[in-house]
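One structure is given below, represented as structure tokens, and several questions about it will come after.
We just call them A, B, C and D in the order they show up, numbering each chain from 1.
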Amino acid sequence: MTITASQDQKLSRRLRLGMVGGGRGAFIGAVHRIAARLDDRWELVAGALSSDPERARLSGEDLLLKPDRIYGDFNEMARREKRLKDGIDAVSIVTPNHAHAAAARAFLKAGIHVICDKPLTTTRREADQLAKLARESGVIFAVTHNYTGYPLVRQARAMVQNGDLGAIRVVQVEYAQDWLATRTEETGNKQAEWRTDPARSGPAGSVGDIGTHAFNLAEFIVGDEVTTLAAELHTFVEGRRLDDNAHMMLRFASGARGQLWCSQVATGQENGLRIRVYGEKGGLEWNQENPNLLVFSPLGEPPRLIRRNGAGASDISRAASRIPGGHPEGYLEGFAQIYTDVAEQIAARLEGRDPDPLSLQAPTVDHGVRGVRFIDAAVRSSARKAAWVDV
Amino acid sequence: MTITASQDQKLSRRLRLGMVGGGRGAFIGAVHRIAARLDDRWELVAGALSSDPERARLSGEDLLLKPDRIYGDFNEMARREKRLKDGIDAVSIVTPNHAHAAAARAFLKAGIHVICDKPLTTTRREADQLAKLARESGVIFAVTHNYTGYPLVRQARAMVQNGDLGAIRVVQVEYAQDWLATRTEETGNKQAEWRTDPARSGPAGSVGDIGTHAFNLAEFIVGDEVTTLAAELHTFVEGRRLDDNAHMMLRFASGARGQLWCSQVATGQENGLRIRVYGEKGGLEWNQENPNLLVFSPLGEPPRLIRRNGAGASDISRAASRIPGGHPEGYLEGFAQIYTDVAEQIAARLEGRDPDPLSLQAPTVDHGVRGVRFIDAAVRSSARKAAWVDV
Amino acid sequence: MTITASQDQKLSRRLRLGMVGGGRGAFIGAVHRIAARLDDRWELVAGALSSDPERARLSGEDLLLKPDRIYGDFNEMARREKRLKDGIDAVSIVTPNHAHAAAARAFLKAGIHVICDKPLTTTRREADQLAKLARESGVIFAVTHNYTGYPLVRQARAMVQNGDLGAIRVVQVEYAQDWLATRTEETGNKQAEWRTDPARSGPAGSVGDIGTHAFNLAEFIVGDEVTTLAAELHTFVEGRRLDDNAHMMLRFASGARGQLWCSQVATGQENGLRIRVYGEKGGLEWNQENPNLLVFSPLGEPPRLIRRNGAGASDISRAASRIPGGHPEGYLEGFAQIYTDVAEQIAARLEGRDPDPLSLQAPTVDHGVRGVRFIDAAVRSSARKAAWVDV
Amino acid sequence: MTITASQDQKLSRRLRLGMVGGGRGAFIGAVHRIAARLDDRWELVAGALSSDPERARLSGEDLLLKPDRIYGDFNEMARREKRLKDGIDAVSIVTPNHAHAAAARAFLKAGIHVICDKPLTTTRREADQLAKLARESGVIFAVTHNYTGYPLVRQARAMVQNGDLGAIRVVQVEYAQDWLATRTEETGNKQAEWRTDPARSGPAGSVGDIGTHAFNLAEFIVGDEVTTLAAELHTFVEGRRLDDNAHMMLRFASGARGQLWCSQVATGQENGLRIRVYGEKGGLEWNQENPNLLVFSPLGEPPRLIRRNGAGASDISRAASRIPGGHPEGYLEGFAQIYTDVAEQIAARLEGRDPDPLSLQAPTVDHGVRGVRFIDAAVRSSARKAAWVDV
């Protein structure tokens, strides 16, 4: 009530966005578009929205794109947008996983900033190459590990950094869904089809689709890297070609120990991404399905309910909020924050100034690489009876 | 996961929006702007964002409005926009309460559709006149009783209509906050200043600011009118000029009985709008702070957790959702739904077709009038020792 | 883990208990018996367990009472037990409401301590007479407003007394059930039969059965008396002779204002006794169905989760606990606390010492009188269109 | 409301109980005593309450035991009670872990039924020997894996057996506390002292103290055995000699996979025993800290809140309940159920009839053996870098 909608005020400019993938029948493309416009920093002006040219055209028309900014091919789009006076400032890549790398390379080479969905690539080699190319090209490269955009996730990270929990001992992270509890991939569901297809999804199923989010969230909040892990991947649904559940043990560089569970067959779970972090002096608990609440338990004191933009919320979390406490923000606002951060980084470059340091919390290609290494390690460990392997 | 972001697909057009009020330092104006653009149906192109011309100009620049569409006066704005070829399709009125009526009249007379914040006016007479004028002019007039935009609120209403609860007996509704638990109005907080000032807020404080939302929610879900009420208004904070707490008993036309509580001094409560409805065959419970959950308790069976866009969600609630269950939507998405509904109504007129019937759920001037009558009745009852008075 | 089961240690003696009512088919009698033995302070040795002599005999045998301590009549029991060397120290009266007064008088006259179920009597006159008789006789007279035996209810009261909440402004109390949502009284359910029968239950239904508990809880925690109330009683189930729902507004002596709701037709509610208290400096929330948690919200700070016998639990609540935090106690333990308190009071007399002051928190005949006055006031107010009446 | 307190009715007899351990300063002994008397099936008549004779005497006096039934030595107690006409029917063994075996042997040899705390013994060999001896002696031997006494835990087991969840795929079980987050064992806390001392606690700390409960709960509900596990045990508190945290992966005979976490350093957790079971057709979730609720999620339907003794509660869970839904039962009632079950088994023998089959759900020496094998396997696996080992 007493706080203005902070993300809405005083625009210096609106940036031009292009999109690769995300046409008719897609899910995550639409999410990216809402996220991009929510804080009014972006305008979608161009797209190669499908690898099928006709579908690309119809999808572009659906979104009222100008005909000459609707492309049937992302290479053409990169080449042409680079030359346009009002060409795109950045591109969103929201295709199935296997197509990320080629598209990203095209725009990197054109010097256009990239926002890429996760997992970054389907192989570790590709991921490393892409990171190298990004570094060399100097463009901004964000990867939408979007859950780090939630205000209280950022507060959790800051509290750990600040020592509020003391040295971290135990990390319990999980991401559980149930939408693949049956053979969803044979019902015509496009999301399920490509996510369970090794050719498009990569070597992992649930581990790549959601396990990477859990892993990223743990490393982000703890502010520490997982050095080794032991994993067992399971495929419960008959005939499925990739894992739909996985159990892991994690070792962090600092000595903290963790457990990770991801599942797409956990009946009754919708999108249960949840993390608990226990340190010498306190514990934290956060649950994506009720993201406006962070429970902080200082040792020997009653747990405290820290609510987004409410009493106890830090400046870091307030800066990522739009509306007062008690007015719930959700998944789209958290996702929007990533877009807003990237917009700030780009605007700062265009204006020759330093970006707001808070905007640098947006996940980069390096976080994307970590995700791919995680998938790779999990698959290798599982093939060796859950032996400990380096990440 | 398996559901597309329904509000994003296939735009027929984007409508042009103007705004009155909502400049620098305002809260709800920013909310309206996010709500308007979230589903991509609207583009903000004009504004008289403050009654102070200089502030209006600066506020317009903040939002990248074109200079010739920044107005210092809403009358001028109404006159000029009416004549422009690309003039606004609708105006949002987001000033303090006392200024709603005059602004609304100006745009009604210009034949421009109106979206007005609540409470509609500060007097019952003004409200009735406005409703009459709206009817005569034939324009679309929405009032942002925004909580009716939540998908599960709409599902709750449909379940009652459908007889899932049987005849309704008891309605418990409350709206509790704590941001006025101290003399917030003397701390420089602009929201608190005008909301506790009878000249700008009208004859009621908490009753007008949030009690109206609770009342509207109850009538919306129950699908029935409150005929009489008994109310006691309280002012707990010394020196305050309007109520900051109220207790009421409600009688519905159908014979159902209710209790309403609103408070802005309920320490620890952020934005606790909550409703429980009990019928002969079942009960419902919904809480705005966790809006993705509706608890339905059929008599003699275990309560069921209906989650937005999850198992058990109806088509009506799915149509007001953007993303899959487990990916929380919040206050802004619920608010956006009202804008999306109004856009559909206007687009249908422009295209000479019937609007999607679901879009007609958006609250109209008549709901605004009910809210003003509610305030009026509560104030009158309280002045008479909580005697029963007609609404 | 680190706390001993405090109620179990070091018995000085076990007291002898008799019971009136509570034979086969009864509910609350069995609860009283478990409550009495839970902390090992009492041994049940005598009973007039039914007004039907044969049923009384069989019921006594069920409980392994000695034949000569099984009575068919409570007057005979009072006379004989008074004379026995090992006669009962106290009697529990657990009959339907209308029979409390006569039984209590018999034991008061015999100088035997009394534990009586609530409501104390069915008329205000009888209640006042009983209180007078109790005062004159000098015996201990407890009334089982059992919810005050919960540790965190006692902590809540102490926090209010201690000023942790500042001056109290608003009290919201409710007690909602659904077991009378249909004509339960015609299904052979004995509990429902007498509770809906004015001859046995008194002038009120839900108000007497559960509203009194809510009222008692509010006065107990706030530490203040309700001076006047405005009530509307409803009977929703056709053919029912007493109220099954009621709405009230309360005024406390200190100036605090409250709302009370009780219902036995609130579909989906099992035993929803819940209270929220808001003061100038903080708020409290407690819910009987999850009694091991007290939420304390200091103004401007995050709410704190105070857990029974956990961090933040006060000595007063620890003294009423048996086992460590996280090991939930429930209804029976709260009820047992009343018995344990009374045992301490009696033991202190027998041992010629002062009782533990904490034991004096057990509700007395005066609280029983308050409950009867509350019922009387509610019925009078409702008969006068919810006019304000004195309690 | 409509249900009698089922455990209280119609006693055929009260059994005589003796106790070994549980004197002054102990925790679990007091819990056993409350549990034994709660349902009125037992009377404590004898004890060797401490290995220190003077402490044993004082402790016996505290509990009002007759002087000649207070023993300084359990061997003497076994010998003498065996010969007494009114000797004990059963003995409770509640000493530290290392002393269980010798005491149990003494009473087994005397033909006295045994109720023993968990873990059964500190070595696998001792456990196997004890089980063999129990089988040969023919006495009833219960092990207080008390969490299986909770009504909804029994319902969960029955639902799995009944196929309500389909074939089980994933089991997530955890037991988290924080009372050993610091060097509690050096603060004079007796519980902490022996639990962190290998000589008295055995080869494991948290794994033996609480991990065994989690393991037992999982096997009980799933109705299946864990065949192999991979475990890593951690000691976070400097100087501690046993584990205070452990992570495990589990493989069930049926093919189900599980994760187990136990911790006594999870800051903010009091007694967080929680299990989630996912099958092909549905999922279940239960949390010991709110034991009156079982969440059942049938695939594709809204989750259902099954409440103890409420709508949806099965006969099996009702039989283990005392009071109606909404009147919470807790830890002591669950523990009492084990005592009540054993009483029924013994009474049936004394009366020459078959026991109520439901009473056979009480955990036996075989469950005790499983617990010891679990500890042994966990310790072995952890010593081999979390290799898979047989249980």
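To be clear about the criterion, contacts are C-beta pairs under 8 Å (C-beta built on N, C-alpha and C of every residue); 3 or more make two chains touch, one makes a residue touch a chain.
Composition by chain, UniProt nomenclature: A, B, C, D = Putative dehydrogenase.
Nothing here was measured: the structure is a model prediction, and the numbers come from that model.
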Common touching chains of chain B and chain A: C, D
Remotest chain, chain C as reference, centres from CA atoms: A
Same or different residue numbers at the chain A/chain D copy interface, by half rule: same
Approximate Å spacing (C-alpha centroids) for the pair chain A, chain D: 44
Gap in Å, rounded to a whole number, between the CA centres of chain D and chain B: 55
Shared-contact residues (touching 2 or more other chains) in chain A: 269, 295, 303, 307, 310
List of chain D residues in touch with chain C within their complex: 1-5, 7-11, 13-14, 24-27, 30-31, 33-34, 37-40, 62-64, 177, 179, 184, 189, 191-192, 269-272, 288-292, 307, 310, 322-333
Chain D partner contacts - residues on chain B that touch it in the complex: 295-296, 300-307, 310-312
Chain C residues touching chain B - in the complex, by the definition given at the top: 165, 169-170, 172, 174, 178, 181-182, 230, 232, 234, 236, 245, 247, 249, 257-259, 261, 263, 265-269, 276, 278-283, 285, 295, 297-299, 303, 385-386, 388
